[in-house]
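Scrolling down, you'll hit the structures one after another.
Presented sequentially are two complexes of chain A, the first with chain B as partner and the second with chain C.
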Partner chain A sequence: MKIDTKTFRFTDTGSFGSKAMIVGVIGLLASAAGYLVNSEQFFHSYLTAFVFWVTLGLGALFFTLIHHLVDAEWSVVLRRVMESTMVTLPLLIVFFVPIAFGMHDLFEWTHVDVVAGDTLLQGKAPYLNTTFFLARTAGYFLIWYLLTRALYTRSIKQDTSNEKGQTIRMRQISAPGMVLFGFTLTYAAFDWLMSLNPHWYSTIFGVYIFVGALLSSLGFITLILLFLRGKGVLADKVTVEHYHDLGKLIFAFTIFWAYIGFSQYFLIWYGNIPEETIFYHTRWAGSWKYVSMLIILGHFIFPFLMLLTRAAKRSLKVLAFMGFWMLFIHWVDMYWVILPSMGAHGANAHHGFSLSWMDLSTMLGIGGIFVWLFWKRFTSQPVVPVNDPKLEASFHFVNG
Partner chain B sequence: MSTAAAKKETIPLDAPLVLGNPSFSDLSETIGGITEKKAPVQWFLLVGFFASLALLFAGSVGYLFWEGVGIWGLNVPVAWGWAIVNFVWWVGIGHAGTLISAILFLFRQRWRTAINRFAEAMTIFAVICALLFPMIHVGRVWVVYWTLPFPNQMMMWPNFRSPLLWDVFAVSTYFTVSLLFWYVGMIPDLATLRDRATTKVRKVMLGIFSLGWRGSNKQWKHYERAYLILAALATPLVLSVHSVVSFDFAVSQLPGWHTTIFPPYFVAGAIFSGFAMVMTLAIVARKIYKLENIITINHLDVMNKIMLATSLMVGYAYSCEFFVAWYSGNEFEQFAFINRATGPYAWAYWIMITCNVFIPQFLWSQRIRRSIPFMFVITIFINIGMWFERFVIVVSSLANDFLPSSWAYYTPSMWDVMTYIGTFGVFFTLFLLFLRFLPMVAISEVKGVLPAANPHYRGPVSSGGQS
Partner chain C sequence: MSSQVESAMTSSPKMRNALVLAEFADVKALLSAAEKVRDAGYKKFDCYSPFPVHGLDAAMGEKQSPLGWIVGIMALLGGGGALLLQWWTSAVDYPLIISGKPLFSFEAFVPIIFELTVLLSAFGAVFGMFALNKMPRLYHPIFNSDRFRAATDGGFFVGIEAEDAKFEVGQVKQFLTVVGATHVEVVEEEMD
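After this line comes the complex of A and B, so read on.
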């Protein structure tokens, strides 16, 4: 793996991409076998993996949007990594196809007999019905496609044309883009996750998923940069100052995640209305209790303490570990949201959680392909936006 | 910049933060001079006017203490009326200061230096106005100290499970930290004024409050460390205060109050209204005191963008609440929201939506973001809209609760109105005193963002600034 230090283009992309693809294909094949063994387990594991990678891409989209909106300087050098991640997001629509076929296993509200005996679900039918559900998903991906493409093509164009105007243009796209991002993420979270428990509702749910998405993408970006650094790519350009800022963001949004998670839990606990408490009740029954505790500890207390000091945020070893940790705990979080609703009338909730090999195979399957596509995209262009007017300042950025 | 260029080109990516290329002493003269010269005649007129409004507050509250909260328009079930609306409104306004001085500081937004002092002062005065309302609302105001947990021979403790008690902690903590932050930030400027002082009284007073500041490297090092730590401590407070205020409503089971998005939604709304009030005041003050080169049109443009962003967040929360109320399938939830939009208080609901969601959309246009008259009018609308937001939440949910036989239309009494207007008197009197006696812009911080503060500075240049 090598880049030209003048043009910042890859001269040798290494075998990382093809390795990722092989892992992805093996994972997908194994998962397909899993479908034949236990389709219900397969679909739930698969949805978890799908949502994990989609939210990771959405987090990168948010990072790109906010980077343009606030005219950030320090993160210019990371821009290509986030852009390549976000532009991979719309391709994940391919992985939605199995979910469309597995809706019967996943979503209780698709069962005609259940809806017929449930006045609440009848009331929700104008929203929760298969046609509209699929149309909405198509709509989310279409918006993500148009938005990421609009930003990415301009960014690439700036590399060759050296137009300062593209920076302004990308900022102008980002403003309405942020509005679209907020609404699509929220309703995707309502559709794919909240409607798994069709009686349950929480207005903050979209924000909760958003914070997890951002944290996972921060972890991913940190890991990719550290991986490149290990290979000698951008090692002198992305300095400890940039990692320090990434660490600060992970730290800050860990607290923000806890704030949002606590708000949701606390208000439901205090209000104590059965149709709301059911969500937490099932996640505190049997061995699910340990998963809930792991989330409290692992999504807040542990990263909070780990990243509290300045020295930790500037230690690449700590950040490498925390990058993996944020990905892991985001997966646990998605697992915790999705899996308890498996089985008729949430049977899984009462039996406690039981990990399946398909949890791993689906993650590796979608993840391998995601990383492969990301890598192909990333290596096809200069690793930094070479003509960004703030690139030079970003190289020499120092925390005050 | 010609107007034609302004129309086409957005703000240059590296616009200078301070216009007119002033020197360090120019800044001390411009800002410090305001507190030293005789106040303009308009200042005396305004103080006279607002101090009499403050008297109106004193009179209304005096009668309230004599007679009891029965003089207000409260009824059952609307036991929380204007007093709580005003409390939440004022606390919300008190959010911009700490956001600007703490969060924007951590985000390295150096443009904040022009407005932070100003906004922090506004925060403190707004929180004072806010705190007045729950105090006078308790009825027996002479035992208001019972809200504090202190060991006493009556073995009496406040109810720790009550969000009203958490309010006492949250708001008083916020007030304390904001005051400390404001004061610590002001020490170097007070020392500047002390060094410029010509009268004995000013020398002694400013000498006491500048705590022996000499501006040595060592002092600056400690000072900046303290400022950073205070910023880090104040940041969670920006979110926690209004979250706790939202708990007052959201921990209940009342439709329209009990919804999980309330904490972040209230915080976004607070920042929204806080920025609107900062803008309203800053637009007037920069004109009267000729600070156009320090609080530039670029600053106002950026603040308008933040208002637009927070308006969209508030709009997001409104729409989320409305959608989930329908989606919940709960007929009481559904009624609460349809009743808001079409029921007896629909006029208030639509004022809120118009002022908070529709009108701020004008700020998408750069020309409007850079037009003083337009933005002034928009900030006024937002101030009004955010008051109505709290009115809609408090009154419409309470008035039409689970028991239709007790539904009655809520109307405030003249005492409600006079008390509210009176707090404007308190707020503006304090604010005018601040403008008169303290440096309204952080002199030392603005000096820090001048080109001359850059070690690589090579003398005055015709245009451009530092990165």
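After this line comes the complex of A and C, so read on.
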């Protein structure tokens, strides 16, 4: 792996992409076999993996939007990494196709007989019905496609022209883009995750998923940068100052995650309404309790203590570990949201959690393809936005 | 009024050297001067610029501020205090069952714990910062210099104070000229 230090273009992209693709294909083939063995397990594991990678892409989209909106300087040097992640997001619509066919296994509200005997679900039918559900999902991906494309094409155009206009144009797109981002992420979280327990509702749920999304993509971006650094790409350009800022963001959003997670729990605990408390009851029963505890410890207390000091945020070793950790714990979080509702009337909740090999194969399957597509996109353009007016300042950025 | 007192009032007060103030042309000169002053072993000196200069702390050899520890201790006090307060009021001193929850329901206490943690941390950060900067300080001899007014505008200064163990007027003046000052002056203050 090598880049031209003048043009910042890859002269040798290495074998990383093809390795990721091989992992992805093997994972998908194994998962397909898993579908034949146990379709219900397959669909739940698959949805977990799908949501994991979609949220990772969404986190990168948010990072790009906020970068433009606040006219950030320090993050210019990592803009291409987040842009390439975000622009891979709309392609994941392909992976939604199996979910569309597995709705009967996943979503209780698609069962006509269940809805017929359930007043609540009849009331929700105008929203929770197959046609509207699929149309909404198509809509989310269409918005994500248009938004990421609008930002990405301008970013690439900027590389070959010296006009300042592109920076301003990207900022103008980001303002309404942020509103669209907020709505689409929230409703996607309602549709794909919250409707797994169709009686349950939590208005803060979208924010909860958003924080996990941002944390996982910060972890991903950190790992990609450290990987490039190990190969000598951008090693002298992305300095400890930039990693320090990534550490600060992971630290800050860890606290925000706890704030939102607790807010959701707190109001449900206080209100004590059965339709609401069921979510936490099932996740505190049997061995699910340990998963819940792992999330409290691993999603908040552990990263909080790990990244509390300045020295830790500036240590590349600590950040490499925390990058992996944020990806891992975000997966656990998605697993914790999705898997308890597996089985008729959430039978899985009563039996406790049991990991399946399909949890791994679906993650590797979708993940391998995601990383391969990301890598193809990333290596096709200069690794930094070469004509961004703030690039030079970003190289020499120092924390105050 | 006796003539003795009169003469004491009109005669100019006794002055002493307070610091040597050196002006520098730009940020670069200021940074390099700060490094040289640090390396020369001066301890009681400060740099003045109209805007924050990145890297100046390191150039001056400033150690990491202990402010983080102050904030951390205040955070623990705030959080712990809030927990104790709520435990005492809700579960011991005036026990009331509210919506069938246990008397000691930590969930209900979390918002107050959080708020007081943040509040005392903020107090610790702001007032700790004041204290570490020795503020409020109503007088500093450096303001006796007219040139120093430019520090809020376009001037970059290094001031080495007379309290420094290595301070010797002639040497300091010469040293600051050698490290690239465009103008060096001795600032005096009245003796008490």
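The rule is short, and it goes like this: the second predicted complex is superposed on the first by the 400 of 400 C-alpha atoms of A that agree within 3 Å, B and C clash if a C-alpha of one lies under 4 Å from a C-alpha of the other, contacts with A are read in each partner's own complex, and residues count from 1 in each chain.
Assume contacts are C-beta pairs under 8 Å (C-beta built on N, C-alpha and C of every residue); 3 or more make two chains touch, one makes a residue touch a chain.
This structure is a prediction, so every number in the text was calculated from the model and none was measured.
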Practice task
After aligning the two structures on chain A, examine chain B and chain C and state clash or fit.
Solution key: clash
Practice task
Return first, second, both or neither, reflecting whether A:Tyr270 touches chain B, chain C, both chains, or no partner chain.
Solution key: both
Practice task
Examine A:Trp357 and indicate which partner it touches, taking first as chain B and second as chain C; both and neither are also allowed.
Solution key: neither
Practice task
Tell me which partner A:Phe101 touches in the superposition: chain B (first), chain C (second), both or neither.
Solution key: neither
Exercise for the section: Give one of first, second, both or neither to describe whether A:Arg310 is in contact with chain B, with chain C, with both, or with none. Expected result: second
Practice task
Check the residue A:Tyr290 against both partner chains and state whether it touches chain B (first), chain C (second), both, or neither.
Solution key: neither
Practice task
Mind working out whether A:Val398 is in touch with chain B, chain C, both or neither, as first, second, both or neither?
Solution key: second
Handout entry: Partner touching more residues of chain A, whether chain B or chain C
Key = B
Exercise for the section: Based on the superposed arrangement, let me know which partner A:Ser202 touches: chain B (first), chain C (second), both, or neither? Expected result: first
Exercise for the section: Go through the superposed model and pick first if A:Phe328 touches only chain B, second if only chain C, both, or neither. Expected result: neither
Fill in the blank from the handout: Residues on chain A touched by both chain B and chain C 259, 266, 270, 272, 400
Handout entry: Complex contact set, residues of chain A against chain C
Key = 259, 262, 265-266, 269-270, 272, 309-310, 398, 400
Handout entry: Interface residues, chain A side, partner chain B - complex
Key = 70-71, 73, 119-121, 123-124, 127, 164, 167-168, 171-172, 175, 178-179, 182-183, 186, 190, 199, 201-207, 255, 259-260, 263-264, 266-268, 270-273, 275, 389-390, 393, 400
Completion exercise
Residue positions on chain C within touch of chain A in the complex are 52, 54-55, 64, 68, 99-100, 107-108, 110-111, 114
Exercise for the section: Spell out the residues on chain B that touch chain A in their complex, using ranges where they run on. Expected result: 10, 13, 107-108, 236, 239, 243, 247, 250-253, 258-264, 309, 312, 316-317, 320-321, 324, 327-330, 364, 467
